[in-house]
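As written, the chain order gives the labels A, B and C, with residue 1 at the start of each chain.
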Amino acid sequence: MTVGPMLDEWYPVGIFGQLDEAGRKTMLMDEPIVVARDGNGDAKVTDSSGRILPVRVRYGHVWTSLGEPKKELFAIPEADQPGRRFVDVGVVRVRCSPLRAVENFLDIAHFPFVHTDILGAEPHTEVQAYKVEIREDVDEVWATQVQFYQPQAAKSASGGITTQYMYRVAGPTSTVLYKTCPPRPSEWDVITLFVQPLAEDLCDVWPWMALFDDDTPMTDLIHFQQTIFLQDRSILENQVPRLLPLDPGMEMPTRADLTSVAYRRWLKRHNYTYGAQLVAQ
Amino acid sequence: MPSGTASSWVPVALSSDLPSGTVMPARIPAGPLALWRSQSGHVAASADRCPHRGMSLSHGFVRGETLSCIYHGWSYGQAGNCLRIPAHPGLTPPEAIRTVTHPVAEADGVIWIAVGEPAGTPPALAGLVPLRSLAAFAGIAAIEAAAGTRANAAGLLEAEDIRLLLSSAREGETLIHVLVEADASPAARIAAARAAEGLRRKAEDFQKKGAAR
Amino acid sequence: MMKLYDYILSPSCYKVRLMAALTGVKLDLRAVDFHPGLEHRGPELLALNPAGSIPILEDGDLLLTESSAMLVYLAAKAAPGWLAGSDAEEAARVQQWLSFSGRLTASLGGARLHEMLLRPGDIGVLQSQGIAALRELELGLVEQAERGKRFLAADRPTVADIACFPYVALAPDGGVSLDPYPAIRLWSRALRSLKGFIEMPGIHRLHELKPEPQLEAGGA
């Protein structure tokens, strides 16, 4: 299989703070790579032939590409905002398509059933209408005016609140959500899912957060997000087919799934098909 | 089924392993199933895939007379029709949203799925009752070799010390239902449950050696 | 209050949280950054447990580092019905499965750490040892059912069930299917239906235990 245009995109391959000179042996789209620190303490990524790959260190992680990136790594302005705490949640491996991992992150309708009593609870299952667009200027998928009733929206939340969300697909396997920040109603908490495609049906997931929360211990913040993601993992490993079907007919969306519909359309438009299934099989 | 006939009844589970209000995974040659029993006791079999996002329905839950997907709570009736989409409480789900279902029969403590359009009812077990099911990484031929005798067309294998009902799960895997006399003593039943472990070990050994050749 | 050095994704820590919830004991939870921080291998935790494992349970002068001992301690203090009774056979069965639970940790737990958190290990060996252990547990439960008992050591749940349940329920996290074990499925369901049962990530709520909510069209 050829990787296609996804080859030229940026992907996370490790937490910068945990790198050492011995390096981390891993995979990127079926290609063995090594992520390490060089003698100057900078991140360095090499492929199996010794070729040095492009590197960026942003949002706590090392980013690289097997191809020639046509765009700079996407911006998250909140990453430079004073007063935020930055949380490296740590890697979790999932036996699923990297695109399925992103799509699940864009979904709110599963909250009452998968994240029961944390991000959702029956009978508050209804998904209200929200807005979805592909922003042509930045070439990103955005969903705005998303809201959902949550029993415990964040570690800093006490009791149930209706949480506001915005979702953003910044790259084929990189997604960012902005949600109500309980201690600072005028700001958004930033929670991301950076997905490293190891193979079409296997990925390493690197969640990262930029939060306003001065009180909660760092370990509790990490564990809250690990809890949420591990609840999703058992779903992701049991979807059939493992690859994300891009042709209509194989899976049936409703109004609540408009973000997923736009994401699939955007993937198809760019021929981002690594991890996708194109013909119903 | 060992006979390989196009239409047949496949014994996929024991009645006692599927209480009311529960769902379990099962397998027929056409693929994986979500096998479930409603609160009122009605057994149904659906393809093990929610048409919404492909989630396995055997991970779901049974409330009343419906099977729900664990992912988004979409509920299905025994005929496979979608009855409820919790994200849209006011919506009547369109007819097009449905799962593929299979005819089910329950007799002598065994749940059978019709593959094709079998004539008549599932084979009778003639005085035998099911004890337990276990899965083997072995084809039916390897199990027959381990037992020293062949299964009949219905999948019933009767050796000197053990009776089995065999169901081919997929290539190289067999679901074994252990049968005992209806009046077997508790000690005899436990002995049969243990004997099946030894037979499985032997059959898997044959299978491995066969594969190595 | 008893203090538990705890990791939310650790099945061994979950055993203790679950036992405490089922017996109504309140724990002071101290979150340990096991992943990605490897805090359990740091000086503070090694001073408590040189083996570098969690959970660790502290109660005054008592310091426990083995989860089975913690289950026994919680039960003895708060709910002795979870321990073996005076029957010799029942006492032996409780010990049998408490010891056996260590094999579940080594095999299914090792496979899970490898498949999920990228820890080293021979995954083929871990998974096949896990399958062997699940088969033993399945037979044990089949035999108990023949004796008219729904749980591993008795017709009531004991510490032995809690010691075995978490790594079994989370076997799929390590790529080991639970599909072929009907007796384990029924046992797991019986435990998950107990009053006071709590989940951990990877074990979903049994939504059927609550009735279907009334439709509420038009907003929360």
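Assume a residue touches a chain if its C-beta (ideal position, glycine included) is under 8 Å from a C-beta of that chain, and two chains touch if they have at least 3 such contacts.
What you are looking at is a predicted structure, and each value in this text was computed from that prediction instead of being measured.
Undergrad: Sort the other chains by how far their Cα centres are from that of subunit A and give me the top one.
TA: Computed centres place B farthest from subunit A.
Undergrad: Taking each chain's centre as the average of its Cα atoms, which chain lies closest to the overall Cα centroid?
TA: Per-chain C-alpha centroids compared to the overall one single out C.
Undergrad: With respect to inter-chain C-beta contacts, which pair, B-C or A-C, contains the greater number?
TA: A-C
Undergrad: Just give me the whole-number Å value for how far the CA centre of subunit A lies from that of subunit B.
TA: Between these chains, centre-to-centre, one finds 38 Å.
Undergrad: Could you give the separation in Å between the centres of subunit B and subunit C, each centre being the mean of its C-alpha atoms?
TA: That gives a centre separation of 28 Å.
Undergrad: How big is the gap, in whole Å, between where the Cα atoms of subunit A centre and where those of subunit C centre?
TA: 30
Undergrad: Scan subunit C for residues touching two or more other chains and write them down.
TA: As it turns out, subunit C has residues touching two or more other chains at 204, 207, 216-217.
Undergrad: Name the residues of subunit B that each touch 2 or more other chains.
TA: Residues 59, 70, 73, 89 of subunit B each touch two or more of the other chains.
Undergrad: Please output the residue numbers of subunit A that touch at least 2 other chains, ranges allowed.
TA: 113-114, 122, 125-126, 234
Undergrad: Which of the residues in subunit C end up touching subunit A in this complex?
TA: Contacts found on subunit C: 7-9, 31-33, 35-37, 39, 115-118, 172-173, 175, 201-202, 204-205, 207, 210, 213-214, 216-217, 219-220.
Undergrad: Quick one: in the complex, what on subunit B touches subunit A?
TA: 48-49, 51-56, 59, 69-73, 85-89, 91, 96-97
Undergrad: Please name which positions on subunit A make contact with subunit B in the complex.
TA: 109-110, 112-114, 122, 125-127, 234-235, 238-241, 245, 250-256
Undergrad: Please output the residues of subunit C touching subunit B within their complex, sorted ascending.
TA: That would be residues 135, 138-139, 142-143, 146-147, 179-180, 182-183, 185-186, 189, 204, 206-208, 211-212, 215-218 of subunit C.
Undergrad: Could you pull out which subunit B residues touch subunit C in their complex?
TA: Interface residues on the subunit B side: 13-14, 17, 19, 21-22, 24-25, 58-59, 61-64, 68, 70, 73, 89-90, 131-135, 175, 186, 189-190, 193-194, 197.
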